[in-house]
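Please find the structures below.
Here chain A shows up in two complexes: once beside chain B, once beside chain C.
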Partner chain A sequence: MVKKKMYPVWRKIKNKVISLFFVALAVLSLVALVSIVGNVFHLTVSPLHISSCSQNCGWISIWPGIRALWWTLRLLFIASVIALPFAFGTALFITEYRVTYLVFIVRLFVDILAGIPGILIAIVMYGFQFIVGQSSSNELFISSLIIFLLPKLAKGFAEIFYGVPLHYREVAFAIGSTRMQMVFKVLLPMTFRTLSASVLLGVARTLGVVAPLLLFDSGIHYLPVDIYHLTVNGEFIKAAMYSLFLLFTILLIYLFAAWLDQEIIK
Partner chain B sequence: MGKALSAIELSASFGNHQVLHCVSLHMQPNYVTAIIGPPGSGKSTFIRCLNRLHETVPRATMTGRVMLGDQDVYQMDAISARQKIGMVFAQPNPFPTMSIFDNVAIGLRLRDGKRQIHLSDEVERSLTIANLWSEVKDRLQESSGKLTVGQQQRLCMARALALQPAVLLLDEPASVLDPFSTLRVEELIDQLKERYTIVIVTHNLQQAARVADRTAFFLAGEMIEQGTTTDLFTTPCDKRTEDYVTGRFG
Partner chain C sequence: MVKQQRNNVGEMVFTTLVFGSAASVILLMGLIIVVLLVHALPAILRFGLAVLWTNQWLPIDQVFGMWPFIVGTVISSGIGVLFAAVVGTATAIVIVRIRLKWLRQLSAALVQWLSLIPSVVFGLWGIKFVAPILLQMLRSAPISAVSGSAEADGILLAGLTLAAMLLPTIVTVTRETLISVPPSIVDGALALGATLNEATLSIVIPYARRGIFSAILLALGRALGETIAVVMVIGSQPQLAYTLFTKTDTLTSVIATQWNHTQSVYGQSVLFEAGLLLFVLTFAFYTIARMYVPRSVAAARLQLW
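Presenting the complex of A and B:
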């Protein structure tokens, strides 16, 4: 007969307290999220509803938001297209060439840059503006996005490559593939969906960046920056509408990333 | 036809840690040579040196020579050496994102690129040799993950055989298989030795006795003894071999 293991009472109490603590934290986060989303909805939807019904100007109100979203996505697309190959190359360098000191240094740099607050990156770029003296604010704005995105993508990619068991690489070598063939014919097809999900999550994170980009008053419409300016100028309803677009876009990106994840699990 | 493979004064290290000490072993053509020994005795490292896979490991070094027929494997291009000396690993590891067909064809595609014309024929030939064709011929485009573990291991053998190697290295090929699948793999090894020189690493002494014509006993990175399987198991020359095959240690 199997004897049931008895835990001391204090241990049970401790477990309960810890569980309650985490449940409380989860509830708090949920309340915060619901309050933000609810507030945005409340501020946005009701005036739009009134204006579209009585003055038929709903589309006029929405249009600047859509335009700002379009600009934001365009900027993010440009930043991603430039950052992606560098991030991919860096991740391959630190995962597939593991021994040299250079690899160690690059890995350390990527780790530090991935964790560094965005404002510090922007300050560096701001200082760079004074040194070079020729770059426009727009270029610096996009460069900041790239530098913000690049280490996060590189670290994400590297983690994904680390996740591929070594024996698949060995098999590829054993059937006579070169390192390049191993990467492009074996490693990439195996990780493509995960890499895509990682790009989406990186983009979603960059979409929320505000503070570092405030340094560059470039006149570019970037949704989070616009929201900040609108709020400071007291245009709360417009800011709320922009926030709704931002929330909706992030939600879509996360849903797509989650769908990709599910496909990977399948 | 298989070719003779010879290791001459082979030593191998990982960083400062030497795991193989001056091992010389001749593996005759169309024979099955078993490498036996307790864990950590350098068996796997030895066969990984034979097809130059050892050098893909960071900080791994080796000295000595490996001869395939009259060619020095370490004077050849590493890629072509690995294509001539195929290898199957302990864990069945077909590429999960590829179909059964693609898993067998991948080696040929990597070697020949788009020049490969008779790919389907080659895949069928390899699967037939690996005794898998009748089981998968109607589902070649299915994912390899849908096969049983035993079938996956035979698929890995077919993948290695597709490149028509002269030598086939098997690193504990049945260690994760059930007894029935193990039997199928052993039968396959018996058939394959007519075409290939086979080197099998195993910790299963009964398996070595069943499949191997010749056996070498490794201990702590040294080759203690080698000979015909019957002689090594019944009348070993070295006390350590006798202790190992009689189960006193390991």
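Presenting the complex of A and C:
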């Protein structure tokens, strides 16, 4: 009771106004973010409200979406398998070797490549095939995915390795381990779950990219690219249904990653 | 002794592979620079730097000006980052203040999941959710007379779509920064008679300003490079944006939209020049950003940068 009287009225009002401002903005953000998923849901189920919906309804043609998702995961799997060792090696080079100009440059390049716009990757791949000769669409697709994925994974891995206390390494070296032994017997076992989560989150992010693949008119089904083309052609219901597959897949991957590395949420 | 030698061979192979991986990053960077330069060179030699400030884009007449796209990029990113920074920071403050642990973690997880949502879904949201609302507002307000446009597509819609896209990034990184503020200094402020809001505004936010700034910087980086969500909502017209509802293009969206429509001799080369400009901007931006952005575990793990 006494405490309540401590604040003058104008301060109480100011306090309430600030609280209201924060809550209003948070609600606005919640509405915006929920409406993104809600919009996809609404568009997907909207044909169900139309009583005359027959075989022509976009909702019924579910199989092309699943097939596109399967193709997408397959391409992504190949890209991840190729990018993974390079990313791992690059992260080790950045974190486990003496800091020289070379390490500084590699770290800078990884940072820049991790933030490079997807459309730049597309035009570089397009231009590259003119220099070395025509490549198949599959190769270009997978190469673009690798270029997108590699620096992001390398940066994520490097951050994880930085998180391992230095004295673990020092102890390993003190008892006569080589660098390779230290990496495989200390660093990897300690960070395995986090690394796995990082790979999964990298895959989840790459699962949604369109720009690096946009310029290749290939006939290969990559789910986000299909969604883009469907939206541009005005097939919103089908695009929303495909988006729902994509969101659900990303949610599953995220949940698995969060289970592996619970520090993400905490 | 034999074991030691075997280890040395293994160690050598391991070191070679690690150095080879690192070399692949340098090669990749070299490849990007060489390819962009080789293909942009004809346009650079023909038009010089004038393309940067030329106002018109008329490929049939061999007139290529990137100024409308540079302006489009700056304005749409500015709108997006401004909205996202204000709303995102407030949201992060509210999430951090939630007392129920499960609700706090659930909201954090929801935001993190949303940060992984592909840009194409945001584009779809912009077209089917925000555009009708904007159109409704345009029709009911006298603003349409000012803009002279009866369509929602344009730079404002692109900015709002970008804002929603950047929101999870800003909330995630800012939340991480706010959590790391020592509770003792907040308790100290409260003990001296400050309200919780006063403590937030005068103690917590100034303490976490570097983290908040880095969140905004990361969001700006994403906004500058975003292509698909922007292509879907900006209207794609190669003209300077005089109003918030002018259909225009950004540096990234012009490459995506004009790529298959360039029949002129220098058309594609100019687009490579736009790519080169984008690359130079990205290079400069992230070189500066890495000096100011403190290591963010959330950003690294969620591959936000």
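Definition applied: the second predicted complex is superposed on the first by the 219 of 266 C-alpha atoms of A that agree within 3 Å, B and C clash if a C-alpha of one lies under 4 Å from a C-alpha of the other, contacts with A are read in each partner's own complex, and residues count from 1 in each chain.
The rule is simple: a contact is a pair of C-beta atoms (placed from the backbone, for glycine too) under 8 Å apart; a residue touches a chain by one contact, two chains touch by 3 or more.
Quantities reported herein were computed from a predicted structural model and do not represent experimental measurements.
Colleague: Are chain B and chain C a fit on chain A, or do they clash, once the structures share the same frame?
Modeller: fit
Colleague: Could you tell me if A:Leu33 is touching chain B, chain C, both of them or neither one (first, second, both, neither)?
Modeller: second
Colleague: Between chain B and chain C, which makes contact with more of the residues in chain A?
Modeller: Larger number of chain A residues touched: C.
Colleague: With both complexes overlaid on chain A, does A:Leu195 touch chain B (first), chain C (second), both or neither?
Modeller: neither
Colleague: Just chain B (first), just chain C (second), both, or neither: which does A:Ile175 touch?
Modeller: In the superposed model, A:Ile175 contacts chain B only, not chain C.
Colleague: Of the partners chain B and chain C, which touch A:Leu75 in the superposed model: first, second, both, neither?
Modeller: Neither chain B nor chain C is touched by A:Leu75.
Colleague: In the overlay, answer first, second, both or neither for which of chain B and chain C A:Pro117 touches.
Modeller: The answer is second: A:Pro117 touches chain C but not chain B.
Colleague: Thinking of the overlay built on chain A, is A:Pro151 touched by chain B (first), by chain C (second), by both, or by neither?
Modeller: Only chain C is touched by A:Pro151; chain B is not.
Colleague: On the A-aligned overlay, A:Asn15 touches which partner chain: chain B = first, chain C = second, or both, or neither?
Modeller: Once the two structures are laid over each other on A, A:Asn15 reaches chain C alone.
Colleague: After superposition on the shared chain, which partner residues are touched by A:Ile131: those of chain B (first), chain C (second), both, or neither?
Modeller: second
Colleague: Please provide the least distance in Å between a C-alpha atom of chain B and a C-alpha atom of chain C in the combined superposition.
Modeller: 8
Colleague: Do any residues of chain A touch both chain B and chain C, and if so, which are they?
Modeller: Touching chain B in the first complex and chain C in the second, residues 178, 181 of chain A appear in both lists.
Colleague: Can you check the complex and tell me which residues of chain C touch chain A?
Modeller: 7, 10-11, 14-15, 17-22, 24-26, 28-29, 31-32, 35-36, 38-39, 86-88, 90-91, 93-95, 105, 108-114, 116-125, 127-129, 163-164, 167-168, 171, 193, 195-198, 200-201, 221, 224-228, 232, 252, 255-256, 259, 271-272, 275, 278-279, 282-283, 285-287, 289-290, 295, 297-298, 300-303, 305
Colleague: Which stretch or stretches of chain A touch chain C in the complex?
Modeller: My answer: residues 6-7, 11, 14-15, 18-19, 21-23, 25-26, 28-30, 32-33, 35-37, 39-40, 43, 85-90, 92-94, 96-97, 102, 105-106, 108-120, 122-124, 127-128, 130-131, 147, 150-156, 158-160, 162-163, 178-181, 183, 194, 197-198, 201-202, 204-205, 207-211, 214-215, 224, 227-228, 231-232, 236, 239-240, 243, 246-247, 250-251, 254, 258, 261, 263-266.
Colleague: Which residues, counting only chain A, touch chain B once they are in their complex?
Modeller: Its residues touching chain B are 98-99, 165, 167-171, 173-178, 181, 185-186, 189-190.
Colleague: Under the definition above, what is the set of chain B residues touching chain A in their complex?
Modeller: 51, 53, 56, 58-59, 79-80, 82-83, 86-87, 89, 91, 93, 95-98, 106-107, 109-111, 156, 159-160, 163
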